[in-house]
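For reference, the structures are reproduced in the following blocks.
Okay, so subunit A shows up in both of these, paired with subunit B first and subunit C after.
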Partner chain A sequence: MKKFTIVVLLFLLILSGCSSDAKNNSKQPGETSLKSDWKEITAEAKGSKVNFFMWGGDEGINRYIDEWVAPLVKEQYGIEVKRYPMDATEFINKLMTEKHANKKSGEMDVLWVNGENFKIAKQQELLLGPFTSKLPNFNQFVDTKSNDINYDFGFPTEGYEAPWGKVQFVFAYDANKISNPPKSIAELKEWVKKNPGKFTYPAPPDFTGSAFIRHVLHEESNDYNAYLNGYNEALIKADADQVWNALNELEPFLWREGKSYPQSISQLEQLYKNGEVWMTMGYDEANASNLIKSGEFPASTKTFVFDQGTLSNTHFLAIPYNAPNPNGALILINTLLSPSAQLKKMELEYWGENMSLSVDRLSEKDKKTMAAIDRGPATLTQQELSSHRIPEIGAEYVQWLERGWMKNVAND
Partner chain B sequence: MVKSLKSSLVAKGLFIMMLTLFLFLPFIPLVIWSFTKQWPWPLLLPEKWSLDSWNYLFSVSGRAGEGLLNSWIVAFLTLIGNLLIGIPASRGLAQNEFKGKRVIFAILLAPLFIPYTVSIIGMHDLAIQFDFLNEYVSVAFAHLLVTLPYFIATIWFQFRLIGNKLQEAALSLGASEWKIFIWIEAPLLIPSVLLGSFLVIVISFSQYLPTWIMSGGTLQTIPLVIFPFANSGNSSIVAAYSLLFFIPILFLLLVYYLLLRINSRKQFMKRG
Partner chain C sequence: MWRTTKISNQLNKYKGLLGILPALLFMLIFFLGGTLHSLSLSFESKETFSLVLQEEKFWAYKELINVTFLQSIGVTVGIAAAVSVLSGVTGLIASLFLVERSRHWKWLNIIFQAPVGIPHLLSAYLFMQVLMQSGWYSRFAYQIGWIDSIEAFPVLVHDEWGVGVILAYMWKEVPFIILLISPFILKLFSDWREQSIALGGSFSQTVRWVIVPILLPMWVGGMWVVFAFTLGAYEIPALLASTSFGSIPVEAFQEYSQFGLERQPIAIAMNMVLAGISFLVGSILIFLQLRWYNQGRRVW
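For the complex of A and B:
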């Protein structure tokens, strides 16, 4: 049996020999790429591989990256883009463990983060550093002064993440059943009383349901703009009662008399598909058009925004502190911010989402292309959407409202 | 006599039919879902059919091929590890008496009883230490930890059944340990090695967390490819992936029975 042990040991030895070459290469630390100019970055990145970690639950978005972006980056810069599907919370956890173990070179180059995770990542120093000023397309096409670029759910971005797209909250309804949809929370109260059981919203802390109750805050609070500054608990405490009153006034007229709420946006959409409720909602203005196209929503579906506006936010791309290929990451993000990539992203064929660039800064040709894009039968015009936008409030307020809803509305 | 034989045959047939139906019933909605985007509740069958999900699966984004290939490579490496470690370990445990045997046995089987999350946390740190290893190897290493108890339990049982008598006879005729293993034990072990290997491959195929942690999510095996869709409410895609997942397992099952049959025929011929 001794021979056997030797064989086993030998085998393990051989295995440990075949370590992957990608990980052993000495990597340029990220700091140098933040100091180099764009030409050096492009030259350095040639022939490298970029790992793009992002949520992977949508066929259209995945196909946009794999079928359109990756071939483009390969052709223009000779860089291979590899997409890895992973939830933001998961890769932020992974990054935290790596930081803890002092791992200098990780696996992730570009991350698609959301506001909450960005805040954690920035506070715990999991990100590379301010990089957006390096990107030619960011400097040329993004409105660098605007609040929705400089703040992510009330938290300052400071160049640590680059804006990838913008979405706006819209309500969807079946035009065969509703002719005049309610355009404010007050009108919604009237409408549910006339049509009991035909409306509901996902229970917070679901992302969509949470956004819905922020619309109530927007219309019921004395001064919504005060929420855009730092967190002040006294402020929200003063407005909270009006919010809970409005929601409790709706409750008996909701689906199942408000005794239970859908737990997620997919459940609410299911109710809408089955015709049990006549309205749905979502933080994506083109979602209804997408679902009409795939045959999941009735073709008579239309969308609307409140007269006083609906929430909109920007989502961003970041680079982790231990990105193995920071130069490639910069190139990829710059490409994603190019007008052609952003215009392609707007088409319903892949994604249908609004661009993060400032329309005023586009060339005449791009403006024309943009005007010609068919964003689907249910999507509102750019004019209608952008004139009805309200900004997001800080993450602390969001969580406060979610907890308060459980206590004052759900358990009441 | 004939009559009762017939009726028992009919009963047997009915029983097998019911059993097959029971086993295959869950697959029917899976197949239907994979060919439609919308199948609302009261409808018996969807109104619109589409190949979209299957097209997606085999597109660049779907990564069906990549996932299958990676799953196979990892399962194969895991199996090699099991054969190299599992067979000597179960032999030692089955044939020898020594102090602390029960403890070692318990340790070897521990992954079966210890809650998954506990061992996973340890694995996380291990993953960072073992960063120099090739992805496939480090993932297979994690799978080895998960599968080894099943393999050892299977082989150990067979070694117990074989007993010590034949080996002692061979030993007294001057055969070396290697010769005993190769000429006496190995042929008798074949059925249980086949079963153990089948288990190892199937368990390795279905691992999500160990794969995720050891590779940092970069080794896309089938479960890792499926997972992003599990929460998205996209039943059609999930159904298509699940069916894809079953194909290699069905294939393995067939291979297993085939090999088992070849083996038993050989044994029979030898004896005859």
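For the complex of A and C:
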């Protein structure tokens, strides 16, 4: 038995030897690239490979990267772009483990982040550093002064992430079944009572459902603007009862009498598609048009926003602290912020999403191209959307509301 | 010369051990290591991430001491127990039937084994597609006039009692039990059937006094595997249970991924509680089995 123990110990020793070898002591490549100028960065990045970690749940978005962006970057800069589908929570966790293990060179170059996961990444020092001022396209085309570029769910971006796109929350409905959609939470309550079983929302903490209950907060709270800065639990505690009351008032008239909620937005979309409910929603103003085009939603689908506005947010691209190819990452992000890439992204064929660039700063030609883009039959006009925008609130409030919903609405 | 003999003698003595060494090391390194690591994660302080000194070691477990979580334990264990017992009984009956008939009906075996190859996630999705109120069966029933509206179709998905969850699990686990025990039953029959007929036993007597006692440890073992799996599995309750159903794997995933880093230890603690329950049930089963062996394997 003694011998056996020795064998086991020996084996463990070998294993532990492996792990200390794996710590590599090379210098961090990222620090040098933040000091280089754009010419050096372009020259250094030539012939390299960039690993782009991003949520992979939308076929159009994936095609945009694989079919349009990757070939362009290959042709212009000789850089190979490889897309890795992964949820943001997952790659932030992975990065955190690498940070704990003091891993100096990782495998991720560009990350698609926003809100909560950006906040964690920045607070835990998982990001390379302020880099947006390096990007020619950022300096030229982005409105660097605007709040939706400088704040991400109430958290200052400080150049650690570059804006990739903007989306706005809209409701979708079947115009054959509803002629006059409700334009506020109060009207929605009335509508739901008249049409029991025909409305529901995804159960928070689902992203879309969580955004829906924030609209209730927006209309029921005394001063929504107070939520835009910092975190104060007393503030939300004071407003919470009104929010839960409003949602509980809706509950008996929801789909399945509110005994169960759809688990995700795709489930709600399926209910809408099957005609079980007459309304759906989404944090993407062009999504309904996309789904009409693919034949999943009825052609009579239209979208609307509340009179007091709907939430909008910007999503961003960041570079991890241990990116193996920070130069390539900068090139890729700069390319994604170019007017041509942003205009292509707006086309319904790929993504249909709004650009993060400031329209005023585009060339006359690009402005014309933009005006000519068909954003689909169900998408509201740019004017209608931008005049009905409300900003997002801090991630702590978001989480507080999600947990509160589970306790006070779902379990009640 | 004598030295080599001594070594080879030694080797022979430990040959059995060498054979299990890879599996044992695998268990030690991954299973034990993983368990210990999770345990240490569940003791991690809320403040670790903000780099302040540790406060309380058991805070994550203390957070779990509340009525809601106790109810969740009840629901999760209850569903796992229901699934394992129902699948075990159905699987046993079906296996006996299959052994009798499959000599003539080979396709029956194939039908019963098909679900084994389908992932749980896909099976949950398929269930949802066919059984929801706007699903295939509901629309079919509506089309041919059995029900007046699709809402009249019974609520089987996201229902309050977890019927959909249990059905979806059974669809997967009954074939698993059959796959596990039916070859064994087939062999038992060919070994014992004629003998018991010669001794004047009927089919049901053969089953009761010969097949079941020999089969029991394997059958219970199979149900135990189903129980432990169901206890910790995420996909089916995530897709098919109602919103406030209280399945711990689903709640743990939400804590882990949605509510911020400082709450991740709670998610791990939830899983440790599940692991503890499953370990406890396993130990009780082993104890009962040993006692049963000592008492001469009497069933009836």
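Assume the second predicted complex is superposed on the first by the 384 of 412 C-alpha atoms of A that agree within 3 Å, B and C clash if a C-alpha of one lies under 4 Å from a C-alpha of the other, contacts with A are read in each partner's own complex, and residues count from 1 in each chain.
Heads up, the rule we're going with is that contacts are C-beta pairs under 8 Å (C-beta built on N, C-alpha and C of every residue); 3 or more make two chains touch, one makes a residue touch a chain.
Computed from a prediction, not measured in an experiment: that's the story for all the values here.
Between subunit B and subunit C, B touches the greater number of residues of subunit A. In the superposed model, A:234 lies in contact with neither subunit B nor subunit C.
Once the two complexes are overlaid on the shared chain, A:403 sits against subunit C while remaining clear of subunit B. By the document's definition of touching, neither partner reaches A:372: not subunit B, not subunit C.
When the shared chain is aligned, subunit C comes close enough to touch A:116, but subunit B does not. Contacts of A:56 after superposition: subunit B is touched, whereas subunit C is not reached. When the two structures are aligned on the shared chain, A:98 is found in touch with subunit B, with no touch to subunit C. Legend: residue contacts after superposition of the two complexes on their common chain; A:66 is shown touching subunit B, with no touch to subunit C. Of the two partner chains placed by superposition, subunit B and subunit C are both touched by A:274. Taken together, the two structures place residues 3-4, 7-8, 11, 15, 87, 274 of subunit A in contact with subunit B in one case and with subunit C in the other. For subunit A in complex with subunit C, the touching residues are 3-4, 7-8, 11-12, 15, 87, 89, 96, 116, 120, 124, 197, 203, 205, 256, 259-261, 263, 271, 274-276, 395-396, 399, 402-403, 406-407, 410-411. Partner subunit A is touched in their complex by these residues of subunit C: 10, 14, 17, 21, 25, 28-29, 49, 68, 133-134, 150-151, 155, 158-160, 238-239, 242-244, 254, 257-261. Residues 37-38, 40-41, 48, 50, 52, 56, 59-61, 80, 84-85, 88, 124-125, 128, 131-135, 137, 177-178, 216-218, 220, 224-225, 227-229, 231-234, 237 of subunit B touch subunit A in their complex.
Of all the residues in subunit A, the ones that touch subunit B in their complex are 1, 3-5, 7-8, 11, 15-16, 18-20, 23-24, 51, 53, 55-59, 62-63, 65-67, 70, 83-87, 90-91, 94, 97-98, 101, 103, 106-107, 264, 266, 269-270, 273-274, 294-296.
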